[in-house]
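Both complexes shown next keep chain A, but they swap its partner, so chain B is in the first and chain C is in the second.
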Partner chain A sequence: MLHNTKCECGHQNPVGTVLCESCGKPLDDEFGTAPLEMRYDGIARRSQRENPALIDRVWRFFSSVKVAIILIFLTLCASIMGTIYPQENTFLNVDPSVYYEATYGFSGKLYYLLGLSDTYGSWWYKLLLIMIGSSLIICSLDRVLPLYRALSKQQIRKHMSFLVRQRVVYQGQLPATGITAVSFIDGLVPLLKKRGYRVHSDGTALLAEKHRFSRWGPYINHIGLIIFLLAVLMRGLPGWSMDQYTGFLEGVPTQIENTPYYLENEKFTVEYYTEEELPEEFRGQGRAVPKLFQTKAILYECTADCSSDKPDLKQVHQQNIEVNKPLKYKDLLAYQFDFRQTIQIRAVNVSLTDKMSNQTYGPFELNTITPDETYVEGPYVLTLKDYYPEFALNDKGVPFTNSKSPLAPAFIFVIQGPGLAEDGEVFIYFPRDVDKQRFSQDKLNAGIVDKIDIGVGSMQDVSISRFTSYLNIRTDRALPYIFFGGIIFMIGVIMGIYWQHRRIWIRIDDENEITIGAHTSKNWFGIRKELSVILGKAGIVVEPKQLENGVKQA
Partner chain B sequence: MSLEQWSENALLLAFILYNISFIVYVIAIAGKKWSNRDPIVHVRRWGRVAVTMTVIGLASQITYFITRWLAAGHVPTSNMFEFMTFLSMAIVAAFIILFWIYRLSALGLFAMPVSIILISYAAVFPKEVQPLIPALKSYWLYIHVTTAALGESFFAIGFAAGLMYLLRTIDYTSKTKESRKDSRGIEFTLYAIIVVIGFVLVSNGFKSTDYSAEFTQEVQQKDEQSGQLVPVTKTTVYTLPAFVQPANSKVVHMDSFLGMDQPLLSAPSWMKGIDSGKKLNTVIWSLLSGLILYWILRLIVRRPLGAIIQKTMGGIDADDLDEISYRAIAIGYPIFALGALIFAMIWAHEAWGRFWGWDPKETWALITFLFYTVYLHLRLSRGWQGNKSSWLSVLGFIVVMFTLIGVNLIVAGLHSYAGV
Partner chain C sequence: MSLNKRYKRWVQVTILIAIFIVGGFTLADNLFSDDSIPKEGSKAPEFSLPGLDDQQYQLSNYKGKIVVANFWGTYCPPCVSEMPLIQNYYEKYKDKNVQFLAINENDPLVSIKAFIRQYKLTLPVVLDKDVVRREYGVMNYPTTVFINENGKIEMIYEGEMDEPFLSSTLADMTSN
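Coming up: the complex of A and B.
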């Protein structure tokens, strides 16, 4: 099919054009009276090609706002579904295939089977986001260039039917006899300029335009959204995001998994509100409302021997971590998450006493996390034969450890030295007095206990870890891009919504007949009022409401 | 007088002024048909009085806000009472801004009740200044909450104007399917508003009689130290007579209400947590009292409530209402996006180390945002105006309210991770 797309003004328009690119004459419904559809100024867009090929069909699909609205609406509905029951990621150590049915019965089972228990991580939710992203890219490309073209080559004198079919229209005569068309137009120019319009005139016709940039608002905000969505997708790449919870016992540098970093919780502090600080309804209930918890943290980087018990650590950073005040070092973030009181002996400074000569050797440190193999004190050599962090005996009387935490540490030494057997004698040492009693240390050490003793001088020699601080260790390298996208989005939205692209066309025919059409991207109330004020100053009194197309002019 | 008392009195004064100004708006709009007066002069004169009272009320509420801030030492938006009063204040401010643009005092006829109802709703919650747990001590939280509320307040004005548009344009004489659907929709919306009023009346009513009923529930809870499940007894106190007791609970005591001294029903067992029974009971009370109020009103006026309101609204330009509704939403949209999503992400990032966690409240903020995104696209690109767009503005505000209240009341009930 061949269209004659040449307008009567002589301009050759591309196929699909609705309003002549030059003079604005409606091309396909020349004799209508309804207000014109002014979106994109009636230009042709790729999505409106006839006889589309497959690629054009895809293009057309994604550039359609109707499809976009359906996609956004589907995402909205899917998001609602995901809030009905708690999502899987809110639990630790729960088997979802059992949990939902056990807790919510049949509807829970259905919820799980439909995949709604992990809505936001599901492939179809991601697919929806990807489709919105594609739609954003294609719809913007489809519109922005043609719109740019249309707005950059506007004619001043528009076709009559273009003007009278705007939503804001005025038709009348020059206000007083004696005024010429040219002087009337000239008189309007400063009035329009004062209100921020850029004015172009050709004697008896005028085009005033302001805030054209606001037309780019939607495209800029969509670009922001595209950046945002891309950044969200990038988080799925390996190394881009990490999220783990680790407990840090006071005074023990602990490796952050999959990183060369070690973090030491040097000291943990928790403060509670005092009774006086609490409001009345909270008082006297023995309720402990925490006011502050803080981890005094030191971050180390491992430089050598990283997989061994005794890695070489270099301090790289030091910071106090509080809720809302995470530790930040390069990409690494550590947030205060939780804490637990875990009273444990971290190390003891013991001395060895030769009971026969009453000589004391030491003190030397016994570390309960990574104890040394041998200790040489004076003439004595202690070899650590066995170490049980949480000592216990099974029903056959064989020792074993309950856990790796030093809750009831027991050191089993072989001691060699003066007055002892040639290849050494066994000595079992419990740092905690309770354990000493419970497992009868003296009885176990029968024989050697008369010659040798190991012990601490005072409580000062015992280092205790009182708390384990749980930190949430994170890396999110996409974060800057996510916020960047968010900022671009905001800029675009604000440009597009708080400013409006306004245009006023005026032409005077037969030296007397004024025709005015005006268009704004939003806020018709505003442009009617503005035009009414401007016309009033030029001697034409017209109520804002009368400027609305279809409202009778008095 | 202490600062806290000052603050409370200022709020009370604001509340009284809002109510009086509402009455003056009614006089301004409904009174223009009274005899021997020029309707335009009448509306202008009384409208000015009403707006002046609103502005004084707003000043008084701002005084409340600042004095409470000083007394508490933190921005008073950290519990339900404080948040709701803040929202109501923002709504009045948004109304004043739109009045300033459009000079339509009739908007107050619907904007003021929204604010008034929210303040009364706030009064149901404990008013005491509370200490903050560490997670809440971040100025990003305040920025997030206040900006989001500001955005929502414009949506509230969009709702008020949209509802007015519908009331103004519905044809009650027509028997077509569309007008019937519209009129039923309007009645339902009005009923929903009355439900909130019912809730407020019932809650404050029983609060003043000190009604109480107490229940205990045994749940298995993981012990912090041993990691084993141990039975724990939880207690809840109802302040409304219990139609429904929490699932698997025992009655400790229950004041008698109209001879009812035992709960009628027990909450279904999938409602976890002792508080979900209480919430269900509250919902039942609200729906019921709303229904009773609604029918009393219907019996008095003997026609749909929408029809009686419509009578007062002659002469207001429907297109203006449509435009105001859209404009309010357009103004609110960027503010809401900034406050409820972007600032929320910054805060969540600072406080919890994750910028987004799909927590129900967060997700509902996103849903609200998506809803208004759909609204804007339909309006800008598909030309939805007038009736359809007004319905969306009404629906949108219901989504907002669900995010603020419903999520706590309903969704969170399912999310009480008790005994996992």
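Coming up: the complex of A and C.
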């Protein structure tokens, strides 16, 4: 199909043009009277071309606002679905294929099978984001470039039907006899300029325009969104994003997986509101309302022997972590997430006493998580032959450990030294008094117990880990770009919303007949009022309301 | 006009290619970077762990061999009770192209050494700190992963193995 797209003013318009790019004459509906659709100034979008090739069809698909709205709607629905049940990445040690069904029943199973348990990391969610991004870019380009072209070469004298079919219209005669068309126009120029308009005139016609830049607002906000989306996608690059949950036992530097960093929870504090501090309705119910979760954290960087039991650590940062006050170091963020009471002995500072001479050696540290193998104290050499974090005896009387947590630690030493057998003698040491009694340490150590004793001086020598603090460790290198995109977005929104692109066209025909058309991107009341004031100063009295197209002029 | 048109086409093609590359990369990364838990039939994730003998044990070095990786700890009673059986089969299959690896999780060195002495173990014990365990999605101990000659997971067995099971599984795998 071949359209004749040449306007009567001689301008060759692209296929799809609604209003002649040059004179503004309506091309489709030449004889109508309804106000014109001024969107994009009636220009043809880029994708509107004859004989589209495949690439044009793809382009046209993404340039459609309808498609964009559908995509945004789908993404919105998907995002909502993702909030129904907790997402997989919020669990520490859970097999999602079992968890959802076990916790939520059939709907949970369905949720997992549909892939909604990892909505935001799924390929189809990312595909939706990519398609929205494509749509943003293509929609914008398809409109902004022709619009820019159309606005940068506007004709001053517009077609009569373009003017009278604006939403703000005035038609009348020159205010006083004797005034010429040219001098009337000249008189208007300073009035319009005073109001901030840029004025172009060619004798008997005039174009006044202001705040054209507000038209670029939507496109700038789209650029912001595209930066935002790209930044979100960049999180997929290796090292750009990390989001994991790790437990940190008090006093034990623990490696943050896949990083050279170790974090030590030096002290965890949980404080509850006292009864007096609680609001009326909470009192007397025995409710524990937490006031503070705090992890006193020290961050170390591993310099050598990483991933061994004894890495070389260098302190790089120290900070108290509280809810919503994460630890920040370079790209690393550590948020307070959870805690658990895990009372256990972390280390004991023991001394060895030679009961014959009453000499005491030490103190030396026995670590309950990674104990050393040998200890040399004075003339004595202690070799740790075995160690049970939670000592127990099975039905055959064979010792074993119930768990890997040092809840009932037992150290089995072979001690060599003065007064002892040459190969050494076995000494079993239970740091906890309860265990000493329960497993009758003195009986087990019969023989050696008269010569040697191992013990702590006071509770000062026992280090106890009372809490495990769970932290959410994050890295988000994309965050500054996300903020940057957000700022650009806001600038675009403000440009487009706060300012209005206003244009006033005036032409005088037959030396007497004034026709005025005006257009604004929004706030029609404002432009009518402004035009009425300007015309009033030029000697034409007209109420703002009368300027509205279709309202009879007095 | 024709120059203008060619320019437009150039812009379109560039933008579509850029979208295709960025989108393709993101999706491919999402689809193929398989950080999900390996299942029977999937490729066994590579690992390299230090042994108690200070050697490094790397899975890919055993290509062409059957690997039996047993995740265990001295704190896990069924692990302890199946260990003599594993040791027994380690001896039996030592020269039959089967590599046993006892992957210990988080035990203190002292405890492992004492355990090895107590049970007279000679099979290679390697030390893991939840890294390989998480990669393999092991939730319970003991878990034994049977990896075939091509590096694919043939079977994942949770819980204590008994002799008939271990014997028939190894017989099946070695006869193929």
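Simple rule for what comes next: the second predicted complex is superposed on the first by the 485 of 554 C-alpha atoms of A that agree within 3 Å, B and C clash if a C-alpha of one lies under 4 Å from a C-alpha of the other, contacts with A are read in each partner's own complex, and residues count from 1 in each chain.
Basically, a residue touches a chain if its C-beta (ideal position, glycine included) is under 8 Å from a C-beta of that chain, and two chains touch if they have at least 3 such contacts.
Note that the structure is a prediction, hence the values are computed from the model and not measured.
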**Request:** Classify the contacts of A:423 with the two partner chains as first (chain B alone), second (chain C alone), both, or neither.
**Result:** neither
**Request:** Examine A:276 and indicate which partner it touches, taking first as chain B and second as chain C; both and neither are also allowed.
**Result:** neither
**Request:** Using the superposition on chain A described above, determine whether A:479 touches chain B (first), chain C (second), both, or neither.
**Result:** first
**Item:** First (chain B), second (chain C), both or neither touched by A:324
**Value:** first
**Prompt:** Regarding the shared-chain residue A:510, is it in contact with chain B (first), chain C (second), both, or neither?
**Reply:** neither
**Prompt:** With both structures placed on chain A, which of the two partners, chain B or chain C, ends up touching more residues of chain A?
**Reply:** B
**Request:** Using the touch definition from the top, say if A:59 reaches chain B (first), chain C (second), both or neither.
**Result:** second
**Prompt:** Is A:233 touching the first partner chain B, the second partner chain C, both, or neither of them?
**Reply:** second
**Request:** For A:292, select first, second, both or neither according to whether it touches chain B, chain C, the two together, or no partner.
**Result:** first
**Request:** Under the contact definition given at the top, report the residues of chain A touching chain B in one complex and chain C in the other.
**Result:** none
**Asked** If you look only at chain A, which of its residues touch chain B in the complex?
**Response** 39, 65-66, 68-69, 72-73, 75-76, 79-80, 82-87, 89-91, 94, 103-105, 108, 120, 243, 273, 277-282, 289-293, 322-324, 326, 333, 335, 337, 340, 472, 474, 476, 479, 482-483, 486-487, 489-490, 493-494, 497-498, 522-525, 545, 548
**Asked** Within the complex, which stretch of chain B touches chain A?
**Response** 101-102, 126, 128-131, 133-135, 137-138, 140, 224, 270, 272, 317, 319-320, 323, 327, 330-331, 333-334, 337-338, 341-342, 345-346, 349-355, 358, 360, 363-364, 366-367, 370-371, 373-374, 377-378, 381-382, 407, 411, 414-415, 417, 420
**Prompt:** What residues of chain A sit close enough to touch chain C in their complex?
**Reply:** 46, 55-56, 58-59, 93, 95, 121-123, 126-127, 130, 133-134, 137-138, 141, 230, 233, 236, 255, 257, 307-309, 369-371, 373, 384-390, 400-404, 412
**Message:** Taking the touch rule as given, give the residues of chain C at its contact with chain A in the complex, in rising order.
**Reply:** 8-9, 11-13, 15-16, 19, 22-23, 26-27, 29-31, 37, 50, 73-75, 77, 80, 106-111, 114, 118, 129, 131, 137, 139
